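Next come two complexes, and both contain subunit A; in the first it sits with subunit B, in the second with subunit C.
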Partner chain A sequence: MTTSVVTPPASGHQPGAGGRGTPAAHVARRKKLFWPFVAPTLVLYGLFLVVPTLATVVLSFSNWRGAGDTPQFTGFTQYAQMFSDDGFQNAFVNTLIYITLGGVGTFVLAFLFTMVLRDMRGNKMVRAILFFPNIVAPVALGMFFGVVYRYQPNRQGLANYLLESVGLSAVKFLEADSVTWVVLGSIIWASAGFYITILMAAVDRIPPYLYEDASIAGASPWQKFRNITLPLTWDVVGIAGVLWTINAIKIFELVFVMAGSGTYAPPIHTWTLGIFVFDRSFGGTPAYGAACACAVVMIVLVSVFVVALRRLLRRDAIQF
Partner chain B sequence: MRSIYGGRRGTSALVLTAAVSLVLAGCGSGSDNAGGGSGNAPAGDDGKLVGEQEFMNAPCPEPAVKPTQKEFTYWSMWTKDEPQGRVLQKAFKCFEEKAGVKVNVQWFGRKFLTQNVAPALNTDTVPDLIDQDISQVKAAVVDVGGTQAVDDVLAMKIGEGDKTVKDVIPSFLYDIPQSKDKDGKLFSVPYEVLSNGWWYDKNRQKDFVEPKTTDELFAALDKAKAAGGAIAQDGDIDFYNAYFLTQIAEKYVGAGGIQKAVDDRTGNLWRSEPGFLKAAQYVERLAKGKYFIDGWDASKFPQVQQRWADGEAAFLFVGSWGPSETREYLGKQGGGATIDYGSFQFPKPEDATHDTIEFLPIGWSVTKKAKNAEAAKAFIAYFTNKDLARGIPAVADNLHPRAELPVPDDLKQLNTALTDSKKEKVIFMDSIDSLYEGTYVKNVFYPLNNDLLKGKITAQQFIDQIGPKTAEFWTNRG
Partner chain C sequence: MSTTALSSSSTGSTGQPPPRRKAPRRPKPAPGTQRISPLRVIGLTVVWLFTAFNLLVLYWLIMAAFKTPLEIFREPLSLPATLFERGTPFRNFVYAWESAEFGTAFLNTVILVAVCSVVIVLVSAPAAYALSRLGVRGSGPMTAFIAIGMGVPFQTVIIPLFIAMSEIDLNNNLFGLALIYVALSLPFTVFLLTGFFRSLPDELEEAASIDGASATRTFWSIMLPLARGGLITALILNAIGLWNETLLAIVFLQENANFTLARALFTFYNAASYQSEYGGLLAGVAIIVLPMLVMYILLARRIITGLTLGAGK
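Right, the complex of A and B next:
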């Protein structure tokens, strides 16, 4: 944003327009201001993002524990140990599950709401309500779900109370074997509102006459979605997909709180990559080298997913 | 949750405020004051448990060691308002008053070793004094060379005549490999000790006879199950689930026996030592007998522990913090419900050879880069004085290494068992959870133990699987 304001305009600059054949004085002034404005950004960005990222990569090849010891470079040892570690393997698979199945679930839910909300009266209020889970800290959400999914005969949580009230048996939602899927459902529930808001903002840009025309032609809601909504919001869907990927790859708090006691790391079969990094950093024995190696894998993973997603969703923009 | 080991959650740590202090004040006991020494304490010499106000208002003892340094920095595992925090504030006030040493405190809470101390070791801004249980200190700070020897503290006088630290702290609490660094130097001087056991409510089980054999234990469990519920167990905490197997295995293989099996790179020791299978068979019996109350494996801590406090189960197996946590819960619930705590140890199986009890010391450590080590060490000795040390049982409702100090009624049985010289002392879980960055228990032991305790695998399957998994662990580790 800064550069677009202070850099000389690439087009639209007309030599001589008010400059009598030489660049206008204000343009020269702008040029002078370019670096003073950009340099602090670059310095801060470099200092707090680029350098730490590079340091993370470098330290991932060391056995540094991060507690006053000197890093010793051990080549790919950290990576070799990490890839054979059950905790990492589970974390990797679970993270992929959250990205893919979570993404599919979230977007299906978001699209369904988009189809319904467009024609609905008071949809702005519904949108706001659906957004609510996003203003609650994930840790608090996790604790809330712990109460909702409580399993205790004669004192069930909300979910089991509802099940029992319709004559069904109570379910052990938080049992170790199934908790990953319960967390997945909870994440979809908590995330959908955010993506509904983004998609609905894009849907609001679509001229209503397109839908009116489709209605006159007898199009079903699905046909309207398939032939109007989706093509005309495709660029936004792509961005939303990238946002989801970045958010999903760092899923941490909700799993930590729901799958475990909340104080200690949950069982390794529920881990995500974020939990693996946390465990190696603060889990009891500092092992920053291993944590850095996992962080590098996360960077690579998010890069691969984002590039793949951008390629997959690349379409010519439709002007309307 | 284990109050210190691994870090009790903050909420449960904020226990025992005024209400509890009043309860404790009323828990005066006529227990014999076996120690005492020649300290100049005006209160507590009669062996009675003092209340918090009495403790706080008592005159400060004179320090025997007055350092030349006039301040030191302490980073704490406690928070300022929890009982241990309040006890320490009194001690710091006294130390400043009597020795002229100001203590600069940062109250961090349980996770401070990895989140604060370890990162600080990369700098020159380090605390002089830290504390935590020895397993955590060793894993997070000692193994990277972050502490200095505190052996010299043992010889320091504590302000009770000629008594030294060594005279009043039992050696089994510090003269152990787990309290030594790689050079064999002591890195921790204990000031609180944890233990564990079966807890039950004497009010609810008036005719209960504490079991002396495993058969009697299972008979009691059968009876309790028939009456509505036998064991309450918060199944979402892996190391709580590990108590059962490690407790019984230690009785077969003794202190250090489980560590040996973990360290055996072939994994064969798990099979060749028959005690492990026998221990696993007891756990299988617990699982197959369905003694755990419904929902124990799908709960959030501390729901199941609270169900025990509500009377849904007869027994709860946790550490010495069990009474304080459940009492806090009942207090918040209102209604005036109380528990008359009784405790007993896992009976030793007839064919087992080690009469064990688990413990875990919490102690003081001095960092290697400490600028005021002299003052910090002098304070360690000062806090061992009985007039300050008694705050741990009296105010914080926990056990102090000085077993002669009066303890709350809740902990008397546990204190008796822990100080029984005939019992073999073993660190919690034989300290395997602090080995190899905790990766062995997380990757190998906990998953299989959980399956065993939940009845998904048999004892034999446990043994068949843990050996190869151990060997695989070592292969991957290189």
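Right, the complex of A and C next:
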């Protein structure tokens, strides 16, 4: 199902020595290296990723609670129970919000920035500063946001301090009905730099004379973006979209720490799928079957989004 | 800054047309662009405000690590004073360092991250070379198969891994965690390095074989040095990723003596916020962020191009 997910770049032309006229003996000797070189990676990959993933799928059909309990296979019962569970429903909706709205928000922001950054002074420095949140541990970011968004009259966090200092009233950012949106905004802020950087790297490869010609022809910034930037960075946009999905589906520590106390899972309305899995396995009372079922949902969700993205964005790459 | 850029462009177009002979690296905006300058001013303003905001946030974090809770919330933008007046400017850091046992955690993390990053590259580089340059049938699909691993959320594998690691007594063990770190970092690293190896020219390999170098020797003394940039980038990116990794550390480490920094910080958060030790809390955040900040300032370009390479081409 997911074979089309990540095609290696330029898998079309294998630069092997195959048909290039090198001595056949040499080619054969080199090919003997293949298995010794690849084996360690394949073994580790198989043992730590492929087998556990399959095991998770198998366990998701059981009602296993955890160590000391004998798993009984109950078909789709775990899934049925899970889908009617409040925690899961919240987690599912929140995760969808983060993937879709977060993705749209981040990419709109990133595109707006590329329009400006392209021919701006000091753009290398600006890019480096915008990128910085991406090398900060999500736990640290979450704790940091927790203090920034604090609501307590007379002892406001930075966000409310700034609001009050311009005469607005303080907001209870981390309350039930706003926390999802606050987290969404924080995620967009923190990750925008990464996508700006990726897109800008693609934009930098576009020959400047295209923009000059467009300017002489009187094109507006939007027209330049629509007719030059977007078509020429299309393949990178596709890859960036896939990366966004992969990263957004596993959002965990940031929300866990930002919306909660750190030791126990945060209130149920803030959950993401990652938090649900953690809560059912290592957080509260263990329910490994349910946790595995949720993990399977995560994998399915990634696959669906990635395949859909690649379908939607499939377009012939423009050579330039 | 934005005004200078603007005024230079307007003088350029009101006078004579900009010189178009010698193409400058960043060409001046052509006459047409001047029409939409209000929009551009807004755009530049937004970008600079956003950038300034990021700097403000960093400033706030570093300053707050030297403040009392009262100062953090009452005077968030001013310079720290109280702790300096008391003559204990590093009080928050000392508090965090001692109560979260950051000392051991720091050592654990440095060793773990260093060993794992090196092992990851040592395992990935031959695989990436074999997959991208030996022309063995099936390497394309195999590369794709490994790359798919990048899309597997860790939550999918933690439960079976936790059970298996407990069975073989590698749970709550830094060596066990290191094994997991290495294995789970392979998909990204192999993917990144295949890109690097693929971009190398064929001729050198051929020349080496004509000179009679063995295949292994060609790899060690010709191809690896050529891909040095890629290897270093892979090393740095893995080091950053593992330094910040939290989920696996939470699941697989239970004893304080084994904690990594991110893991210790996670536990410390609860205690510190319960005691309203916001200064200490942010000092803890600073302890984990500052080494990365220093590394980032030194290596920003390589980190950025590396990540972009991994993502883009």
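In this text, the second predicted complex is superposed on the first by the 296 of 320 C-alpha atoms of A that agree within 3 Å, B and C clash if a C-alpha of one lies under 4 Å from a C-alpha of the other, contacts with A are read in each partner's own complex, and residues count from 1 in each chain.
Methods note: contacts are C-beta pairs under 8 Å (C-beta built on N, C-alpha and C of every residue); 3 or more make two chains touch, one makes a residue touch a chain.
Keep in mind it's a predicted model, so treat the numbers as computed, not measured.
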Which of subunit B and subunit C A:112 touches, first, second, both or neither: second
First (subunit B), second (subunit C), both or neither touched by A:231: neither
Partner with the higher number of touched subunit A residues, subunit C or subunit B: C
First (subunit B), second (subunit C), both or neither touched by A:33: second
Which of subunit B and subunit C A:220 touches, first, second, both or neither: second
Touching partner for A:175 - first (subunit B), second (subunit C), both, neither: first
Touching partner for A:185 - first (subunit B), second (subunit C), both, neither: neither
First, second, both or neither for A:67, with subunit B first and subunit C second: both
Contacts of A:285 with subunit B and subunit C, given as first, second, both or neither: first
Which superposed partner A:212 touches (first subunit B, second subunit C, both, neither): second
Where subunit A meets both subunit C and subunit B, residue numbers: 67, 146, 150, 152, 261-263, 281-282
Subunit A to subunit C touching residues, read off their complex: 2-3, 5-11, 14-18, 20, 22-23, 26-27, 29-34, 36-38, 40-42, 44-45, 47-49, 51-53, 55-56, 59, 67, 112-113, 115-117, 119-122, 126-133, 135-140, 143-144, 146-148, 150, 152, 154-158, 161, 194, 197-198, 201-202, 208, 212, 215-221, 236, 239-240, 242-243, 246, 249-250, 252-253, 257, 261-263, 273-274, 277-278, 281-282, 288, 291-292, 294-296, 298-299, 302-303, 306
Subunit A-touching residues of subunit B, taken from the complex the two chains share: 1, 6-9, 111, 114-115, 117-119, 121-122, 136, 139-141, 143-146, 234-239, 294-295, 297-301, 303, 307, 368-369, 433-434, 437-439, 442-443, 446-447, 450, 476-478
In the complex with subunit B, residue positions of subunit A that touch it: 65-69, 77, 80-81, 84-87, 146, 150-153, 172-176, 260-269, 279-287
